Amino acid sequence: MSRTLHADSGAVLQQNRAGAGERFRRTLLTPGGAVFILLVVLLAAIIAVNPSFGEPESFIRFIGRTAPIAIAAIGQYFVIVAGEFDLSMGSVVTMQVIVAGNLIGDDDAKVIPVLLLMIALGALIGLVNGLATTLLKVPSFIVTLGMMLALFGLVMYWTGGAAQGNPADSFRQIGRGGIQDVPVLGIIPYPVIILAAAAALGFWLMRRPYGRTLIAVGDNATAAALTGTRVWWVRTRAFMLSSLAATVSGILLVGYAGVHPSVGRGYEFTAITAVVLGGVVLGGGRGWLLSAAAGAFALESLFTLLNFLGVQSTWRDTVQGVIIIVAVAAAARSWQRRRRGSTAPARAEQHRITATSAKPAEGTEQGGNGY
Amino acid sequence: MSSTWKAGNSFGRLPSTHIVYLVALLTLVVGAVLVATTGRNFFSPGNISSILTGTSVLGFIAIGQTLVILVGSLDLSVPYVTSLASLIAAGVMANSSSNILPGVLLALGVSAVIGLANGLIVAGLKVHGFIATLGMGLIISGYLATNFKGSFGQTPFAFRLVGATGLGPVPVSTLIMLACAVLAMVLLHRTRVGHHIYAVGGDLNVARMSGIRVQTPIITAHIICSVLAGMAGLLLASRLGVGSPTVGSQGGYDLLSIAAVVLGGTLLAGGKGSITGTLGGVLIFAMLDNIMSVMQLNPFVKDVVRGIVIVVAVAVYARRTILKRPPRFGHGQPEEPATKQEVAA
Amino acid sequence: MGEVTSKHAAPGPSAEAAGAPAPRPQQAPVLEVRGLGKSFFGIPVLQDARLSLHAGEVHGLVGENGAGKSTLMKVLAGVYQRDEGTVLIDGEEVHFSHPTQAHEAGLSTVFQEFNLLPDRTVAENIYLGREPRKGLMVNRALMNTSTAELLESLGITSIRPTAQVRSLSVAEQQIVEIAKAVSYEARIISMDEPTAALAGPEVKLLYGIINRLRERGTAILYVSHRLREIFDLCDTITVLKDGRIVDTRPAADLDDSTLVRMMVGRPISAYFPDKLPQEEMAEPPSTTPLLEVADAGNGQLDSISFSIEAGEIVGLAGLQGSGRTELVQAIFGAQPFSRGTMRVDGIEMLPRSPRQAIRGRIALITEDRKAEGLSLNLSLLDNALSVIRSVFPSQTGGVKREVPGMFSALEVVARDLGQEVQYLSGGNQQKVVLAKWLAISPRIVLLDEPTRGIDVGAKVAVYRLMRQLAAEGTAVLMVSSELPEVIGMSDRILVMRDGRLAGELPAGVTEERILQLATGARNGNGNNDGGGGPSNVFPPSGGNGEGKPA
Amino acid sequence: ACTTDPSITENTGGATEGASPGATEQAEWFDQALYDEQNEQRSATFEGNPDEPWLQYIAGDMTDTSEFASEGEHKVCFANASISNPWRQTGWITMNQQLQVLQDEGVISEMETRDAKDNDNTQIADIDYFINEGNCDAFIISPNSTAALTPAVERACETGKPVVVFDRGVETDCATTFIHPIGGFAWGIDTANFLTERLQEGDKVVALRILPGVDVLEHRWAAAEKIFAEKGIEATDYFTGADPTEIKKIISDELATGDIQGVWMDAGDGAVAAIEAFEDAGKELPVMTGEDEMSFLRKWQETGIDALAPVYSNFQWRTPLLAVQKIFAGEEVPAEWVLPQEPITADELDEWLKRNEGMPDGHYAKFGGEDLPGYPEVWQQRQMP
């Protein structure tokens, strides 16, 4: 840092950020925060309809079974926040499910090698998506649409449409099993642990330079490029993260549901819906990773609620359609109000920023990411 | 900042519509050769009719999709509108030719109302077109799945003629589709709302500052898109003789039409593109399907080819749209501005 | 573009002669604003603003960044709705909820931001929103011919109505924008910094246009940060400060220093700060120049050779489109040199990408803040850390601690470090851009129009910073279209013409000298613009240069 | 030159009476006459060799095919609806192996296939293409849907060439023969009877269905639903899209609200996921009906549940080509060729598992191709052209 800018030592240290309570309140009022409120409301409704859902064991199982879609949403988040789409996600899930089914078989010894192969495949697909988007300049909507068709076709051609069978139990345990005999909860499904790890990793990554750069690229790619960011590589890694997330979802789904070509179908749209429900803006530059995951939980809770209410399953699409339109419209409204200045978070007095260089203003970077 | 001067080679100077048709021509030549190797004639009336039939349903939808994409939105609800329109038409007509007009009008009317709703959600509630129409599609699909099980109604003989008649090898349905394309072109290039569609898709704020009521073109584009999806539904009702709740989603027309539009050189972000390009894109898809069917490719492999062609074809001219100033010095390949290149993705 | 022929009324050599025909105070004002108020986020941006505009009057509106000039214009244009107050046009109260209504009432606006569609033609842009029709169809032929007529009547001959706007230079685009505002046949035209993207000849063309409009009896509200223009053009000047009107006075009653004092509320003691003494260096200053470019070029540049010593500020002057931006972008690796050599501190390096340049501690402050400099949705902190994060991620933590101090030293005004940059005023945004580059402790700083569109106070802050950087041993290269700035700040001046370096001038030369080199005029009388002599080439040479207190 | 397909006539197509749009056709899938007919056919005697069930049929009207009798090789054109699910894929493999036999025998020169990818409109175009361009000596059509394909099938009939329709029917009897197993009602009766015999009044059955609107599938549920209602079994049905993830979630949610005694499936896809949902929840396994898909049979054996595997005879994919052979030989064929459709019961389970050892999970036990060339590798590796 330039010596030019050492603060005058006499400068008064001022609060360069709002208090924690105020920031929490502000956060809840953003679309990315509101999804948590929505989630709580939905969960409360489910418990009201079916109190046994609230028991720790069924609740933790609910989290476990929602983990794959939540992880997919986390993956999709990286791509959306960079201003792109990943429509190939569903096909990647299907591919991974079938790869596991066909290559592992009953042979426990193959679990690790195939697992590594799956991860490599996931990374490779993300790389191809990313490079075609960034270097060939094809819109990601089209690239990943092409990938979705080609990949699914390839897998079906290779397997003749049907998988050999479920892979070894040791592999399926990842998605099906859990730590047994836990007090209170009874069981902690592995998917819950993996989701927690993925969320923590994602959260950490978004606070790392990479994550901040990713958001900057989604917000203004030209400016990012002129600050020395390798835009193509930042975006490509986002696609790789997305495909890797789809891979993890696939691994969990093999365990949860078994091997079938329809596993993963429509995952891309569900994941995008979840991300958008989490207040992440299509077009990039805005939104929280954890809100995207919360969006997935909100969506799944909604379906569960509909099941418990005995709503005919064919109406489910309709309800989902209404919810996403309403949620996104509400988010857009809240943005407009912020723009017009009639909400508190945007209204704030400006003053000269003063500080001694003694104390880091930690946490303040939430400002950019927060809405 | 940049100028229209493009890369030094002549390929780079071509407008993207021309490239679309070059790709179409290439497909045609390759197709003719491949088809000939199976002992068939690519240009036989039956085959041409088969290709053209393949263009009409997707054509209707892709024309509408072009307008919506030009205005900066998207329409993912088209397959469901198509299905709904086919059901309404077949249901109202109920095999009686006196009901054709009411059936057509009601089907198109309901489509228009859905388009209006899409437009209002996008323009009024400021919901991204992707989400608005995805949601609308889900809403309709739930309605269809709950209320219609299997095919429904029947279209009368006179109406079925539309789907079955041709002028020589050219199906009437294709001619109607082309007529719609011409109307859409006139709309885009010769009417105010058409100019405003380009303006709003190009830059919403500029359009607003220039005194355009930006809702109007957005809503208009969505209505027309839905009505054209309704037209596709009518055509399908005519060809199938019945209405079907799944006929739209069977075709995958949502993503395929978007792919055709982009293949036709229209910018996915809006503001730039043409109907002629879209027709080229649709034609490429139709020929590709025809060739692969004649070659009896495994249906799964067809998807692989389709996926690759979409990406590769778009890549051919996507790279080209990076505009540069003419080089002042040196006559070699002008080097690309590194930053812009990185960013343009 | 910018073919200025002698039939156009060129502005007189001095402000008094050209810019101040007798005001006509007797007439009723065409536009009157009373007690106008507007707030954003509950914070008043305009308070009790009052203004009256007469036919044939050019009314200057000046004030610091964020004073509320653009906001006032947008309220008048119907883009924003006022919170209180009255606006009268021809004595009748008006309420515009949309720019169209303003157009209908005879008021049109050239906005600060570009308002053209690059993929449409000039005619389509000019008639956007009111395309002439024949029956139901748009009458393209009429649109093109009337555009041609309009452009011709304004003395613009180089722009075809059917040209795509994308193919025009920035200056031409700005001219189209002005033509568009004129085309509404408005009786009142407000222009928000119309010259921000213009240099010499184009500004002169604009002078011509404004004088024609004045003759037609059009009232013009004119915003600019270039005081020279204000004095050249305006009959009356209104000064805005913090959303309030400070005063309205005839231009003839004001001079630079009074005006500046009114704008900032205090005299600016040293507009261009003096050179600071070189700081003690850890190592003895080496004899090799910090930046050395030899015979370099690419598609846009040729035979570029120059060097900059540590601690030197070099100005880069030239006309619009002469390749100054390309040159700094080439040094920065954004549009790399394809031939020649470049040395940084004696070590050969030819950056192929901004990343490589940044690794060599080269910084570029781009000319377009919003499009190329900032992530508007991100916070001050995120923007300040953006370079460090993408190129030197391991140093993020350390720099993060320094950020508050940095903003404090730059006197940035904001809510807190978490505020999104989009809510800052232009000057503060520019300071954020500076902060992010200072965070890498650059050895070479390239500044492309660093003071474009920022107010006097912020300008001084930028100048001081440049001096300070130089004192620390940084090499500074500054591109500027404002010759007084180039002259006032530079130790040496490089002049570009048509992608080549036309020459080098020592500090303290006159504007004429620079312009001679920039235009390629052979001698004092050989000006090919036909305008008369070099003194007629804009900007007219004036005493100590713009804004410098007399 | 106006060209209208000549077969478009006033009276083609089904006779659906017009109803106002939006009116539902719910519950209209139940057809008492068809129900009774299929109920009887369940116990009918089939003509022919029980070792070759794909050639068996119920005695009835026969079509005289002497007009088609001709020497030499013939070209067959096959308009397939799709191969988008394991059942169709298995059948398609079998059909190709059968084709090989007939090609070797010199009966069929080639079979040109067009796959409509589940799209009615495409299949109509495919059939028209065959009529115009195919030089077909015979048509085989597996319709994608009943009403929509009727006119196109009629057009194929108009050519005067033999037309074989199989799997799903069309609303015309112009085809030379229509080949299908007994049908959905029979399936529904078999399964519902099995479940109701083992359950008591008030017990709960969860029905996991694939898609709405497919007649073959709707008939299964229409019959089962009726029987459940009669026997006082509480039945809730869901559409799952055959996605095991959905199935597992549905069962989990159902188990969270109360116990389930029976599971009814309208296809074997995903039966395993349903059973696993019980296992994971630690609940007693239900009485269950699935299908003859290997995954279900294996899980059935492994868990030892009380189950039944109804069959939608996959071997029917062989029959159309064999029918073509008969037709060109001038042998008469049943006008409606009803193939046997016998569920696999617990005592037959082991045998069927043994017969299909090494087959993938998506394979169907009663595929009926053991005597064809390429057995078993082609099915094990699911090789298809």
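Which chain is which? They are A, B, C and D, in the order written, and residues in each are numbered from 1.
As a convention for this text, contacts are C-beta pairs under 8 Å (C-beta built on N, C-alpha and C of every residue); 3 or more make two chains touch, one makes a residue touch a chain.
Listed by chain with UniProt protein names: A = Autoinducer 2 import system permease protein LsrD; B = Monosaccharide ABC transporter membrane protein, CUT2 family; C = Monosaccharide-transporting ATPase.
Quick caveat, the model's predicted, so the values are computed rather than measured.
Asks: When all chain pairs are ranked by how many C-beta pairs they have in contact, which pair ranks first?
Replies: More C-beta pairs are in contact between A-C than between any other chains.
Asks: Could you put a whole-Å number on the gap between the CA centroids of chain C and chain D?
Replies: The separation of the two C-alpha centroids amounts to 74 Å.
Asks: Would you kindly tell me how far, in whole Å, the mean C-alpha position of chain C lies from that of chain B?
Replies: Those two chain centres are 44 Å apart.
Asks: Between chain A and chain D, what is the gap in Å from one C-alpha centre to the other?
Replies: Each chain's C-alpha centroid was found; their separation is 40 Å.
Asks: Measuring centre to centre with CA averages, how many angstrom lie between chain A and chain B?
Replies: 31
Asks: Of all residues in chain D, which are in touch with two or more distinct other chains?
Replies: Counting only residues that touch two or more other chains, chain D contributes 83, 212, 239, 384.
Asks: Using the touch definition from the top, which residues of chain B touch two or more other chains?
Replies: 145-146, 298, 302, 339, 342
Asks: Residues of chain A that contact two or more other chains, please.
Replies: Expected reply: 161, 222, 224-226, 230, 314.
Asks: Of all possible chain pairs, which ones touch?
Replies: Chains touch in the following pairs: A-B, A-C, A-D, B-C, B-D.
Asks: Note which residues of chain D are touching chain B in the complex, please.
Replies: 1-5, 8-10, 12-26, 28-29, 82-83, 112-115, 117-122, 124-126, 128-129, 132-133, 144-148, 150-151, 212-215, 218, 239, 384-385
Asks: Under the touch definition given earlier, write down the residues of chain D that touch chain A in their complex.
Replies: These residues of chain D touch chain A: 83-86, 89-90, 93, 212, 236, 238-239, 241-245, 247-250, 252-254, 256-257, 269-270, 272-273, 276, 280, 294-295, 298, 360-363, 381-384.
Asks: Which positions of chain C touch chain A when the two form their complex?
Replies: It comes out as residues 39-43, 332, 334, 353-355, 357-359, 364, 366, 371-383, 385-391, 393, 396, 398-420, 423-424, 435-436, 438-442, 465, 468-469, 472.
Asks: Looking at the complex, which residues from chain A come into contact with chain B?
Replies: Against chain B, the touching part of chain A is residues 87, 132-139, 141-143, 145-154, 156-157, 161, 221-222, 224-226, 230-232, 235, 269, 272-273, 276, 282-283, 312, 314-325, 328-329, 332-333, 335-336.
Asks: Of all residues in chain A, which touch chain D in the complex?
Replies: 50, 52-53, 58, 61, 65, 68, 101, 159-166, 176, 253, 256-263, 265, 303-304, 307-308, 310, 313-314
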